[in-house]
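Think of it as A, B and C in the order they're written, each chain with its own count starting at 1.
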Amino acid sequence: MDTDDHDVTLMVNGVKYQRLVESRLLLSDFLRHNLALAGTHVGCEHGVCGACTILLDGEPVRSCLMLAVQANNHEISTIEGLANKDGTFHPLQQAMHDHHGLQCGYCTPGILMTMSAFLEENTSPSEDEVREALSGNLCRCTGYQNIVDAVMAAAERMRG
Amino acid sequence: MSTRTFGEPIKRNEDRRLLTGQALFIDDVELPGMLHAALLRSQAAHARIRKIDVSKALQRPGVVAAYVASDLGDYWQPGPILVPPPPIDGIIFNARTQVPLAKEKVRHVGEPLAIVIAESRYIAEDALDDIEVELEQLPAVVDLEKGLREGSALVHENVGSNVSAHVRQTKGNYAAAAAKADHVIKRRFRYEHGISSPIETRGVVAQWDARANQMTIWDTTQAPVFVRNGLAGMLGLNERQVRVIAPFVGGGFGPKIMMFYPEEVLLPWVSMKLNRPIKWIEDRLEHFFATTHERGQIHDAEIALTSDGRILGIKDVFLHDGGAYDPYGLTVPINSQCTLLGPYVVPNYDSTFTQVFTNLPIVTPYRGAGRQHGVFVMERLLDLAAHELNIDPVEIRRRNLIPPDAFPYNNGIIYQDFSVLEYDSGNYEPVLDLALDAIGYKTFRDAQAAARLQGRHLGIGVAAYVEGTGIGPYEGAKVQVQSNGKVSVATGIGTQGQGHFTVFAQIAADQLGVAVTDIDVVTGDTDQFYWGAGTFASRGAVVAGNAVNEAAKVVRKKALKLAGDLFECSEDDLVIENGRVSIVGIPEKFVKLGDLAKQANPMRGAVEPGTEPGLESTQYFGPKMGATANGVHAMIVEMDPQTFDLKILKYVVVHDCGTVINPMILAGQIHGGVAQGIGNAFYEKLAFDDQGQLLNASLADYLLPTALEVPRMELAHTVTKSPLNPMGIKGAGEAGAIPGGPLFAQAIEDALDLKGRGVELLEIPLSPSRLFELTRNAKG
Amino acid sequence: MKPAPFKYIAAASLAHALALKSEHGDEAKFLAGGQSLIPTMNFRLARPAILIDINGIEDLAGIRWSEGASRLGPLTRYRALQRDAAFTLAFPLIGEALPHIAHPQIRNRGTIGGNLSHADPASELPAIALALRARFRVQAAKRERWVKAPDFFVSALTTDLGPDEMLVEIELPLASPRTGSCFMEIARRRGDFAIAGVAAMVTLGDSDECSDLRLAFCGVGETPVDASAAAGGLIGHTPTEVAIRDVAAAVQAMIDPGGSVHATADYQRHIAGVLTGRALQTAYRRVRDGH
């Protein structure tokens, strides 16, 4: 039985990849297993938990709801590309560390990608706005409070 | 010693790896030649298996193997009983445990029928459709009362009924107490707890290496040592041939400890058979069936009181839904039975429960582990009593609190750790007062009246509880100073986000005068530490933490002795700090800890008989019983009287878990527990139909609270040390999750004036729709 | 939860997409945002043999204006609608409903055409399409037709689209001046499917009496429900509290909600009445106070 394979060319964290993939391969699995970028996590495969959130051309999307083939000619950003090249943290990573915004850490990459994009567009969010932006990412460990504090602190730091 | 980190909000050692996506979780394990497993699961809750034929699946390209129960031969056996029944007189316990693959009968939706091994999970799932299954459906046992009636279908025919267990515990003489009481209040309560639903599901990777004669198993288990021992036995291997690694685990909350799951048993066997590494990752749909639940109880409870609200006694008869098998014994309902007593003086108690077999997934502890159910009954009984006796609900609680001079307080019944339920220490009234102060109890009635004039319906709830924590049997830790001066700590338990990599480092840091960041903690790897029980029952910090402390103390002594020999001075003249041992007052006369470690492992010379090389120690800690923490939660809600929508305006937790190691990590645990309590009370509900089918098996319909449902929480704590361990600590992992149910019931009743309208909230979970149904015929 | 195998084709143009759909009929499905389709495929509830990816057909996306109406390409993403101030000003019902549709990550990919074609009974946009008197242009390889919104939604998850057809344009007539609108819904959590949702529009004549009333619901039937007839009694009058309560009762009598794991049918019916009152009051206040 032949599989329906397609060439994909895409940028991930600024690096170009070219692969042959089966059409039904989910983008989440492609990133994790074909590109060995396992920082993006899978929690539900039906678009609810948000753990798999990555940036597609700068916008947060659920990678479990995209096929790898759909990423052809697009730019993807994942958690592996969030910190600076020299290893220093993005302000949001630092703030999450400072405010204990993670416990098991499984939902964390999805939250970091969602909220880093949010902070690019919202430099002075209120707590309500932060909670609303966060509501598409489920966390079972933290009760969200410290994550909210971290986002507010990062926003302040990013405002300079 | 200057670097005092114990009690400080030290930031976490483990964060960097997690924040950069570099931490190893189970699905990140990639091995050359690895194959993937998928399980065919029963779609029926109760059925006889007439036929399973995997031959078509084997023909699919990419499929390597497929197995049913008969292929396992002698390897197929029901799992062990993990927690035997406690030593209670007259106990009935019918042990029936789960099997790796169903034979003859399936007993719940999701029970595995066959396992397929393929080149990818995608192909393995394709192959599941190829398997031909014929099931002869039987009526499903779902309703607890119906399940106990004559003529009900039987989950296990050879039990003769659906009774999994029957336990009665008594203290004093309730009947006599009730006869003398001024008031006796009796009600039926229903409490359902939900599923753990961590964001990471379960997974197992098994790698048999025939040449090395070694089995390595990665498993999202909370109990790697037990898994290693059990699987070694089953596979006919020596314990030392098996290594179980619990990597970073994305949330545990209890059900990841339940073992042996079928997948834990199957994967290593398959790996040995095929001589290939095999991976199985539970998907979210499977998780609703394949990982254990907590579910419901029905209580017929009564409370006997004096007219000034003092409890004379409580009688409770309850049914507990145990699911299709009972490997975890009676832990959950015993916790309900014991925790019902709460922080109160209950002179007479008569509690009976029946654990019922049902055609539903297995029930094992999930954060709270049955305590929620007991606390709901007690707190609601007190609220009912307060209303009937016209006493303020907080006041009635205050009048019944165990006084501070009554500790250790013996409750006279047996707890889940098999010892008598004894509260080691406690000072309950200050916790209550702090909570009342923080929530603004005194001024609330005025605020409520003012809001009502504006058409807003506010309500308040206050609930108290105790939490049994830190039970035995024991944990161990090995602390070792390495020649580079860094310290390594290893313990047998696993970590699912509780901050062990930091908390245990803090404990060792204070003994050894080393920076927390220079301490590397390993948990959950049986090759790194051989002995232990696991992470459950809020015991990690207490039991393993104390073991770390003991081991670090011994290493400290060894270091001082070595340095004393080196400087030819008394150990009393030495100080350890900043990674060095120096003479008091002469800081330039020092030796680095790393150098002492090198010295202790000489290349030449001799190691004295009776001593050991290296600067290390392995110590164990086994508390003789659990330590009892306690707390009070208070909440103000606003209800929409037409839609029954609810908004939490204020949430306060005051908690006492003895000495606090890291207040930041403690607060995180409370926050997370509260969020789960909110989910349990108002959002999460497993909707089973009467044929045992789960109607909401997805995260779209099983509603976990989001950042919009969980409010900001205000925390405070008091410290009443535990006399049961040298550090004085008590566990805290489950506290946040325990009183949510009665808190919501109380606050909603208050906001909507339900008591005045003749409506009582005697069930959890609630929801806007349920509140509509309960109140539609009420007055007002 | 991996999807079953399928053949994937990235359509190069609308003509290409329609030719493929003609050839394969119900065996093929269009892939737009994928936010509804891919979950059902991951659950293996949907197993299309062919997936026609239309995301590359740029002409299918966009907000255009013509005399008296806005014309939306079906591939227009929720996010694009949310960010277009002129659009949300002209169609405040949609602006008010968008934050209730799932979450930002979903709205970055999901499309209005996909949403309408999926026809989930709890979905907001089909109800709003009814309220706005929307029309849909539907195209097959060799023909094209216009469908009025009420005729488009046939039953739960079923539209009037034939096996070879695609929804290619959504026409939204602009509301008359002096129209106030309000969208409200009750859901268990923000972004969840509505237990009941209402789109209300009140148009006032010269003397502040109602000249037109639109009322449509999601979540309370197999399709979105146009309940405007229930408000017929308000035409020619100023809406009073009593009159609005009568409308709410009429709505409750008119609908037949099915209940779900989240709510009983009676609760849905009750909520529909509550929302009617609140939405009509708000819509009326908005236009009367010159919102």
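Everything that follows uses one rule, which is that contacts are C-beta pairs under 8 Å (C-beta built on N, C-alpha and C of every residue); 3 or more make two chains touch, one makes a residue touch a chain.
These numbers were taken from a predicted model, which means no experiment stands behind them.
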Chain pair, most C-beta pairs within the contact cut-off: A-B
Chain located farthest away, centre of chain C as origin (C-alpha): B
Mean-CA-position distance for chain C and chain B (Å): 44
Where chain A and chain B are represented by their mean Cα positions, the distance between them in whole Å: 29
Multi-partner residues of chain A (at least 2 other chains): 22, 24, 45-46, 132, 135-136
Shared interface positions of chain B, touching two or more other chains: 122, 283-284, 698, 700, 706, 708
Residues of chain C whose C-beta touches two or more other chains: 1-5, 43, 189-190
Of all residues in chain A, those that touch chain B in their complex: 1, 22, 24-25, 32-33, 36-46, 48-49, 51, 78-80, 82-83, 89, 93, 96-98, 100, 102-109, 112, 127, 130-132, 134-148
Chain B to chain A touching residues, read off their complex: 9, 11-12, 14-23, 25, 27-28, 30, 60-61, 122, 196-201, 248-253, 283-284, 496-499, 664-665, 667-676, 698-700, 704, 706-708, 710, 712-713, 736
Chain A residues within the chain C interface of the complex: 3-4, 6, 22-24, 26, 29, 45-47, 50, 53, 56, 59-62, 64-67, 69-70, 72, 114, 118, 132-133, 135-136
Residue ranges of chain C in contact with chain B within the complex: 1-5, 43-44, 186, 188-190, 192-193, 195, 261-264, 266-267, 270-271, 274
Chain B - residues contacting chain C, complex: 121-122, 125-126, 283-285, 642-643, 645, 683, 685, 687, 695-696, 698, 700-701, 703, 705-706, 708-709, 767-769, 772-773, 776
